[in-house]
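These are the structures, in structure tokens.
What follows is chain A paired twice: with chain B in the first complex and chain C in the second.
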Partner chain A sequence: MTEQEKESENGRTEEVPKKQYISNDDLYRRSSQFELWSFTQESLEAKKKQANEIGRRIAKQRFDEAYNKLKQENPTIFEIHKQELDANNLITLLSHEEETKFIHAYCQNIVQTADYFRMPTQVKLTAISLFKKFYLENSIMEYHPKNIMYTSVFLAAKSENYFITIESFISRLKDVKQEDILDLEFKILESLKFTLLVHHAFRPLYGFFLDFQAILLHPSPVMYDVSIDTLGSLYDRAKKWLNEYAILSDVAFLFTPPQIALAAMYAIDRRITERYLKEKFLDDHTVNLESIPEHNDDVKEEDKDNEALKASNESSNQREYCITLIRTIRKCIKLSKLDNPTPEESKEIGKRCKAALNPDKVIERRVKKLAAPTTTTTNTTTTTT
Partner chain B sequence: MATELQESRPRSTPTSSIQLKYSKDRKVGEGTYAVVYLGVQISTKRKIAIKEIKTGLFKDGLDMSAIREVKYLQELKHPNVIELIDVFSTSNNLNLVLEFLPCDLEVLIKDTSIVFKSADIKSWLLMTLRGVHHCHRNFILHRDLKPNNLLLAPDGQLKIADFGLARSLGNPNEDLSSNVVTRWYRAPELLFGAKHYTGAVDIWSVGIIFAELMLRTPYLPGKDDIDQLDVTFRALGTPTEQIWPNVSNLPQYNALRVYPPPSRQELRNRFSAATEKALDLLISMTQLDPSRRCDSTSALLHDYFLEAPRATNPNELPQKREKKKPSNEDDGTIKRRKL
Partner chain C sequence: MVILEDDRSQDMCPICKTDKYLSPNMNFLVNPECYHRICESCVDRIFSLGPAPCPYQNCGKILRKNKFKQQIFDDLAIEREIDIRKKVGAIYNKTEEDFEDLKEYNKYLETIEEIIFKLNNGEDREKTEAELYKYEQEHKLEILEKNIRESQKNADAHKYKEAMERLKQEKLKVEKQHELEDLEYQKQQQQELLDVLASSNSTASAQEIIKKQRANASKRATLRKEQLQQINSQLENQFNPIYQQKLLEQQLAASKVPFTPFQGDRDLHKQYSLLPIPTEIDKLMDIEHHISDSYNDPYLNKLAKSKEYLGAGWRLTTVYERALDEAFIGLGCIIDQEKRPQKVDAV
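Right, the complex of A and B next:
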């Protein structure tokens, strides 16, 4: 049907407006994942900053209370050691970048916990998602990640139909009490705004695996060196890639599950994935997608592409669509690669997190240390004599 | 005990102000895991039901059916699915604010003083299928469709409710529980203990509800799980390898009494008021082999919905008649789990 025919038909049927067809994309746009938990890089950053600020405020308040209490109890020491016990020198609160680093590193512990319980991938993925969402609303300076992590796993297991009793869950963990988890479950659900359904990239990845076969192998192979085995291994490696990068990073907040899945395919084999996209979207297979310049992969360029998309005709529309898609998944790949903290860095953040959560201990320790030198010296002298 | 305050922002309302957003007027029912109150959304004067889920009562924390209900209702916004208006917490209790639905289909079916026209049945079936279609296109199985989970709004709209047994359509390698759906509405693959099934289990339930709307009495009322098999196959024939390949490999498929499939004439006699197209749709929804059963899309596109009479407008459908004793008025909103 030509454009004109379409128009004239539309003209005829104007009186009885046809109900709009609802696509899967439309349905996704109505999901809580899209409505509440999808962000641009800027809005995600802002969200984290906000959570961090609340955390800093709470930690500051907690510190002040502990400080004033100890100051009242030990007025002389605070008087003598004014400098050592200066309120500004005792703890350093965390920045939102540091929090993010620590949270990402902690996701690795979720993977280990879920694997330890032999939970299905789905549970693991959902647990990570719940955990990360919690920390878009809260700060690690208010809730230490350890129990939030265990509770996320416990809640995710229930939500994904992999029920495990609290006793058997607890019995296999160290230093966790039942009430630690049960008390937090509700708090987590509240922070999640009572949304539990999470769409992950693994299902669409399987979909792409099937569609790659349909497009590249049937009715006859399109690429001389690509067989079912090639695609099988591509699929396996793409799954590994998701596990290694995507699920730990923030891409689930920035891209849709199919975009992430396609990014995984592209990250593993750019040539096959580009060919697939060409076969699927372009009539003219000679278009050189490889020529899309890398340095243009930013948001502004995408906006320009969208403008072009509206203005141009069908076939160049398809081309623009394809180019936008490739830019999007390239960006997704870029953002999947995390800036992981070194073990030392992690340890340091962890220490400061604990200090922010328990300022009384930090101050007490310092007070004791300052009050103690006489006894310590005598001790040393006794041993040496 | 009605309390008032200003409207605050939807969905993530802080605990402190939310209790003042709705009035909780009176308790209308108490089940094992929830208490239901009637109330009003202060800002809109809209009638609502508040389902207060008792947490802390379960040693394993939040109850599974509560989790499912919240999880799926948050995602499903559709005229034929009960609306979850808000969720909030009070002293570690989970409160679901649902639209107020004063009646359900079971109440109407049982009220023999009400006459169902065939256009009325068509309208209820259409609304049920639209709701089910919305669940299925979101990859959600309801798994407990029955007349008393099909609630009716004051304007006649039918709404699917009670998602306590719902789940996402799993990965193909994931086992599902076959112990779902209230017995009379349970599809044969579930009776046989299948661990893998699809939206076809919901379609079966809808088919049986369709039959019940025509008969005004439960179509396949088995006394227990064994009897359910007998009742089902006496009505629809015992499945064999010919009509349902591999059926004999299902866990509970053994020692069955063999009934022949019903002839068209037998079905015509049983559903005397049904047109040929109504019968076609019923047969299509109650195919024993789930892979031959129609899905929600083809059911909605069925000729039955194109032939006369046109489905009754929801607001012209029969309604529950006013009862003298007001205490019975809310029976329909009180949900007690039967499983």
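Right, the complex of A and C next:
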């Protein structure tokens, strides 16, 4: 989509402007968040796959090295228990879906950690964002999420101006050393391509809370049952919704912060939000927004386009804009509500992740187990199987 | 690199042990080969007969006299870096106008910085130097061309200055000549007047004759003034082409769109209209009753009354404006459409 089409879609100047004007949207298009860290669903998936691919390769290499080393050390056991020690059966690497689940689980840990340190929401959100971005470039089979998580929190605190010294940070955490965090800091920054500024959905949400007031209550109330109290509770619930769903899911990569904020409003109270959008973006308030199809069916879209063309150009542009916006919002809501992994699931993935990170231990244990029955009683074998 | 020594030894030439205290006029020179400080007289003494090794112990670099120069910066590390910069800059001499966009230019600057860093920090220096030499050989013509173009630009400015200077001198010359002519004319007139007075008989007409003479003189003066002006304007016209060109260039520059960081003017049309927000102190102190037509947020209402916040410059308007601005920045960017690969878009 070219700049000009975009402009006309916004329902503003139709002819070519003499001087080029930069709209707020264009400004957003220049941000690193849009340029580097915004994806379509497909490209996000591809990116995750790519990171997973690299992780698998590294884990495989690590495994092979450990395997060959142990094989040289005790060849007899490897000779006897060929089947049990078959290289292909010892560890199973993680798929990128499993990685996503595990990262999701760790994002919940970030929330807990940030709450434990009583950090502002802003820090929490940035920490999650940094953490997620890191794992778009790297795999959990290369870096275990635990230390990356703490480093993300520490880094986010610094970048969001909520400074905490490394000493007091680690003193309140269990089994984390100062070097663990400081050594990873640069690695994370590098993966982030040194982009630390993150735009979150919370301030736009507050902006919409204000603009809802301006549009729906002033100069006189538009809806009989909407007062400042209703909007206040709508805002509070929308905040909760964001905390519950949006910040943990991948929507920040797929939508812009204002869209996510509107989605939160829309998810809480569809009626008020639709009314707001109508009042805000359409001159013709009679248009029925309910009739917008749920899915981006191509045929239906064409129908819509034809209909819109029949109407006057100005209002069709407005409608088009509004419809795209609502479609985007609905999609955002749908994608926010991804199922959380169960604790058992994440525990299982965590185990395999550890195995992928330290294959030598796994093989060693297996070797010991196989070597044990020859010297000791059969007791040990029954317990381990 | 020289290790910094104490102040006294800073002032003493380590070769001849001459001290600044005893000979305050002494100067120190360094050679970009090794940056060892040697006093002027030592340089004259040692290197006058041709290249010789550096007199510092364990240095042994062969130095030439013509390469010696005055040290400008106290810190030799900086002195050295600037020398390297000069050297690299003479080879990588493109300017911003040689590039299509800023990104390309920045990339170019980045490579320059990298080379300088490598040379300066001794990180595979030989390799970098070889590369630098290779680049110079390959781009010899380009570098020369660029140099010529740059010097032409400088020369243009120089020429203009010169022309203006000449114009001034020419004007002065003409004025001087005029003055001389005037002086001669006056003398002549006086002589004539005397002659006329001597030859005429009636004394009554003497007054009249003097009056006539004066009228003549003033007429001539105005005439001369006009002449002078004409000559001046002629002279100016003569130098005008350059002058006019300058003017034209200035006009062209003015008609261009001024630089804006996003290649265009900001669209100042806001996507929301701000409700009136109370600003007077009396209204703020009783804010609950003055926001019937404004935004209402109980939390901010409390802050708006706090004197600490007000005194520190905190304003309700900025808070509201920022939140509203952010609510509409990027609302219309549909990432799913815009980030889709071009092929899909075409279908």
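One rule holds in what follows: the second predicted complex is superposed on the first by the 337 of 385 C-alpha atoms of A that agree within 3 Å, B and C clash if a C-alpha of one lies under 4 Å from a C-alpha of the other, contacts with A are read in each partner's own complex, and residues count from 1 in each chain.
Here is the rule we go by: contacts are C-beta pairs under 8 Å (C-beta built on N, C-alpha and C of every residue); 3 or more make two chains touch, one makes a residue touch a chain.
Predicted model only: the values in this text are computed from it and were never measured.
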Side-by-side fit of chain B and chain C on chain A, or clash: clash
Partner chain in contact with A:E364 - chain B first, chain C second, else both or neither: neither
First, second, both or neither for A:T324, with chain B first and chain C second: second
Touched partner set for A:K158, first chain B, second chain C, both or neither: first
Partner chain in contact with A:R203 - chain B first, chain C second, else both or neither: both
Contacts of A:L27 with chain B and chain C, given as first, second, both or neither: both
Superposition-derived comparison: chain B or chain C, residues of chain A touched: C
Partner chain in contact with A:I181 - chain B first, chain C second, else both or neither: first
Touched partner set for A:E190, first chain B, second chain C, both or neither: first
Contacts of A:P120 with chain B and chain C, given as first, second, both or neither: first
Doubly contacted chain A residues - partners chain C and chain B: 22, 24, 27, 30-31, 203
Residues of chain A touching chain C in the complex: 1, 6, 9-10, 12, 19-31, 34, 38-41, 43, 199, 203-211, 213-214, 218-219, 228, 232, 254-259, 261-262, 321, 324-325, 328, 331
Touching residues on chain B, where the partner in the complex is chain A: 11-12, 15, 55, 59-62, 64, 67, 70-72, 74-75, 77, 87, 89, 92, 94, 137-138, 167-168, 170-171, 174
Chain B partner contacts - residues on chain A that touch it in the complex: 22, 24, 27, 30-32, 36, 120, 122, 154-155, 158-159, 161, 163, 165-166, 181-182, 185-186, 189-190, 193-197, 203
Complex contacts: residues of chain C adjacent to chain A: 257, 260, 262-267, 269, 271-275, 293, 295-298, 320, 322-340, 345
